[in-house]
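What follows is subunit A paired twice: with subunit B in the first complex and subunit C in the second.
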Partner chain A sequence: MKNILLSIQNLQTHFFLDEGVVRAVNGVNLEIPLGETMSIVGESGCGKSVTAFSILQLIASPGRIVSGEIVFHRPNSDNVVLTNHKERDKRIRAIRGSEIAMIFQEPMSSLSPVHTVGNQIMESLILHTNLGKTEARLQVIDMMQRVGIPNPVQRFNQYPHQMSGGLRQRAIIAMALICRPKLLIADEPTTALDVTIQAQILQLMRDLQTEFEMSILLITHDLGVVAEMANQVAVMYMGKIVEQAEINELLTNPQHPYTQALLESVPRRGQQPKAKLKVISGSVPNPFEQITGCPFHPRCEEFSDGLCNQGDPPVPFQFRDNQHVACFIREKDKTQ
Partner chain B sequence: MFSLIVKRILWMIPTLLIISIISFIIIQLPPGDYLTAYISALGETGETVDAELVEALRNRYNLDEPIYIQYIRWMKGLIKGDLGMSFEWNKPVKELIFQRLLLTVTISIATLFFVYATAIPIGIYSAVNQYSWGDYTFTFLGFIGLAIPNFLFALILMYLADIVFGLSVGGLFSPSYQNEPWSLGKFLDLLGHLWIPVIVLGTAGTASLIRVMRGNLLDELRKLYVIAARAKGVPNVNLLLKYPVRVALNPVISNIGWVLPSIVSGSVITSIVLGIPTTGPLLLRALMNQDMYLAGSMIMMLSVLTVIGTLISDLLLIWLDPRIRYETREK
Partner chain C sequence: MNKEPLLQVKNLKKHFPVKRGFFNQVVGQIRAVDGISFDLHQGECLGLVGESGSGKTTVGRTILRALSPTDGQVLFRSDDQSYDLATATEDTLRPLRKHMQMIFQDPYSSLNPRMTVFDIIGEPLLVNGVSDRSEREQRVQELIIQVGLKPEHIRRYPHAFSGGQRQRIGIARALALHPKLIVADEPVSALDVSVQAQVLNLLQELQSTFQLTYLFIAHDLNVVGHISDRIAVMYAGKLVELGTTDELFRQPKHPYTEALLAAVPVPEPRKSRNRALLSGEVADPANLPSGCVFHPRCPYVEDRCKTEVPKFREIATGHLARCHLAE
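Up next is the complex of A and B:
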């Protein structure tokens, strides 16, 4: 049994809009092991970012965590049930940025345009420790050096618009890691970067992960990034995890029809040059809709009438040692 | 930074020169001159004017000369600090407008402070509590403030101040202080009278600035860097003031440039209704009588105020927003 750092049980985060209720996260169960990288993949709007925001209690009105429990198993300290604390609670604020940190998708907009980069990196350090300004500044410069920002002393006083996208993303990583968090939530950390910078940033995150012994929750829609980074992968579709497996298992032997379709829609080496990529038929359903049976059945190639469109959605079952699938068909095949 | 300020100040010179030419032309545009207006005014009361006297006056004031010579003559005087004579009052313009200009500046600055001191906090409140009862109330009051004409608002406030609070209203001083020299008592008396024109002149500006502040802040609040700061564990109020409010202030500050002239020009009717001796009523009269040196000098003074207001807002922006600072430096 591995040590678990964070466990999410039956998380439901809904958004109450005038047009109806969006069940962005609708019953997610997830365990993030200590020191490993767990990745959540899925299309836009499947609820992966909302899951991440729910962990830090950053869901703002009209959204609300309706039910479920998120427990932070702090190594060498007591457990904290994050869901017991409101968005503005002191307790949760003390954890944000110090023990659980987050980096965001767009390096341009996640830094304030009117404050220096150094000031913004230093902020968490000043908030969460008793360090004085001079000492904090030295630590920030050290961290900037470590994330690969050249001339950190000069860069400390620069503004975000004076930096390139790659440098800004490095500054954001420095901002997240400055307090040495146990868990780093990375929401599409490389999406806005070009491919060469992407590879550097991923390498950097891996290096720092080993150095700081932290867990990473990696949110992405890029299966290439997942293959490079993750130990465990959870595939989300319409607010639910449809398949969760160890990375190699998932890439070589996907079970859920949605996972299979996702993997086939990515170009591979050795493919015929003009071969058409697979397209998942149909589109993501209207978010207000509640689909009976399996939420994927209207788009599923293996759809079987009477089995997939009946009753409650499927619950993940253990398909193999390290692979859980939520699919009626697989479950039926397995039990027979 | 320093060279930038110097450059901006030097740029004010051509700006003011162009303003002076345009305003001089406009003042001269109506047919006739001060004397024709004077003669027709006398004619209406049944008096006749001696043609020789008119001719003598016309020569004395050089009214027959071409417009550009008159302009050059006026500019030469201005540079030396001589604003010319007012035909109507038969006094030097400087003497006539100095007191009034001082009052106009006082009222304008007081109004500006009032506008910013109320609009910014209310705008922040409305944005943070969007669609709350408070937000709706301020929105409603703001629209009323925008919709009521200033003169009507002035009358209502005067009525209330007089009937409900029993204050002496109208003018800027109580009768007992009217001709006294300056003293603490007189200053307090001024403050007691100042609030009515300040509220009247400031309400429309406040209402529109609340909307600007609210809209900007709402945009900023949704930005990722605000969420990123929250994810760092920054307490709410600190976060609000340090990040989104500071960014949202930018367009509000650049409004100083146009709030100041609108207060100055908007004060004409209000000043007449309230009986305040600002430049407004005098300017109106001077324009109607084609009292050209008086009108021209006042327009110049108000233009200088406006240009200075714009300069102040530019400097504030440079101080507030590093992006502007570096852009100007690179140029």
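Up next is the complex of A and C:
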């Protein structure tokens, strides 16, 4: 049995708007193993980012974690039930940014334009440790060097606008890693970057993961990035995990019709040129809508009337050793 | 293909002045597009790829004369006559404009939120002399069906549509005047994968139905490869490689293309994580390196690359590359 660093049980995060309730995360169960990369993939609006923000208790009104439990199993220390703490609790503030850190998508908007990059990286170090300024500065410069920022001593005093997108993203990674977190949550860390820079940043994240022995929760819409990075993948659709599997299993042998369609709709090299791409008909449903039965059934090719559109949504069942699928049809085939 | 090309771009340049100080003195030039040449034949799709800042969008906009080129020729064939769009006057351009249309990247900001779908798609018709409302309405209905929306949608405003549907509206608008050439600037990069596939399929269907010619600008090599007959790779304002999709993917001749192909993550089980990564960042077009613009990042760099500017030369039939070492 693997050691689990973080477990999420039946998480429900809903947003209460005037127009109705958006069930952004609607019953997610997930375990992040120690030292591995778990990835959540899905299209926009499926609830992948809200899951990440729920871990850090950063859900602002009108959103609320309605139910569920998120437990942080700290190595060599006591467990913390994150969901028992409010956004501003001392306990959670001590963990956020030090033991659990986060990288955001936009490298420009997650840095302050009026503070130097070095001071911004140093801030969390000063906040979470008792280090003095001189000592902290040395550690920051050391970290900047490790994430591949050239001339860290000069760069320390520069402002974000003086850096390129790739360097800024490196600075953000330095900021996240400066307190040696056990869990790094990376929300679309390379989406705003060019492919050659993306490849550099992904390589950097893998190297640092081995060096610091941390777990990564990688949130992305890009199945290619997932294939590069993840050990485990969870596919989300409308606030639920529809399939979870070991990466190679998922890529070579996807089971849920949504996962299958998602993988087939990506254009690839070496495909029949100009062949038609497989599409998922329709679009992601209105978030206020409550679909009976399987949330994917209105778009599913294998839809079977009477089975898929009845009662409660399907619960993930074990399809293979390391593969769980939430699909009525697969479950029926399996039991027969 | 033996006919005259629909569009011939010859040594196209677009420089932007850098101004500083109180008197707005010109202190330098950003060479966004720096001598680009290619041909585009009727019914063909040419993909133009490059990273941000490589000048690919500027190429598209300069060809359509949304920007005036600094130098070079853009020869466009219409009714067996050839026009140089680069130097044409507004009066010459106006009747030609209906033959060339553009599809934009962001389906949210490229549609006016205060106009109904009918007004948006009908505007190019109105501007070009279809003043009869019922005739316009009929044409808009046709268009909306062609792009996969429903006739009852034409009274609605853009906010009522999803990203993919909005992009379809943008496509319908571009098609309204039966254009010959469509410049599509990152038409699917703002869309989710499943919707992206729908829009790509639609663009392909429309191309074969209406014999359209596409200049397809994008940063995603897989998307470009899927739809294009030929691909042009741009780096720091110059074309570094041009060839058929198949050849370019199988045998890239320029080190940049090779690196770009290696850098794209593929959703397949990984075989090995060790691959050549490009170091450094995209060249700054205001301060280009000497010799070959790619030399500071090139893994195969030699001494002459630092001083001699490589020519864009034909390596195999129809396959050009700008590299001293390509063979």
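Everything below uses one rule, namely that the second predicted complex is superposed on the first by the 336 of 336 C-alpha atoms of A that agree within 3 Å, B and C clash if a C-alpha of one lies under 4 Å from a C-alpha of the other, contacts with A are read in each partner's own complex, and residues count from 1 in each chain.
As a working rule, a contact is a pair of C-beta atoms (placed from the backbone, for glycine too) under 8 Å apart; a residue touches a chain by one contact, two chains touch by 3 or more.
For clarity, every value in this text was computed on a predicted model and none was experimentally measured.
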- prompt: Which holds for A:P267: it touches subunit B only (first), subunit C only (second), both, or neither?
  reply: second
- request: Check the contacts made with subunit A and report whether subunit B or subunit C touches more of its residues.
  value: C
Message: Applying the document's definition of touch, where does A:V284 land relative to subunit B and subunit C: first, second, both, or neither?
response: second
Query: Where does A:S98 make contact in the superposed view: on subunit B (first), on subunit C (second), on both, or on neither?
result: first
Message: Let me test your reading of the model: by the given contact rule, A:P298 touches which partner, first (subunit B), second (subunit C), both or neither?
response: neither
- prompt: Who does A:K276 touch here: subunit B (first), subunit C (second), both, or neither?
  reply: second
Residues of subunit A touching subunit C in the complex: 43-44, 164-167, 194-200, 202-203, 206, 221-228, 247-248, 251-252, 261-263, 265-271, 273-274, 276-280, 283-284
Message: Applying the document's contact rule, which stretches of subunit A touch subunit B when the two form their complex?
response: 56, 58, 88, 93-98, 101-102, 104-106, 109-116, 120, 123-124, 127-128, 159, 161-162, 172, 175
Query: Where on subunit B is subunit A touching in the complex?
result: 223-225, 227-236, 242-243, 246-247, 320-323, 326
Statement: Within their complex, subunit C touches subunit A through residues 51-52, 162, 164-165, 192-198, 200-201, 204, 219, 221-223, 225-227, 245-246, 249, 259-270, 273, 277-279, 281-282
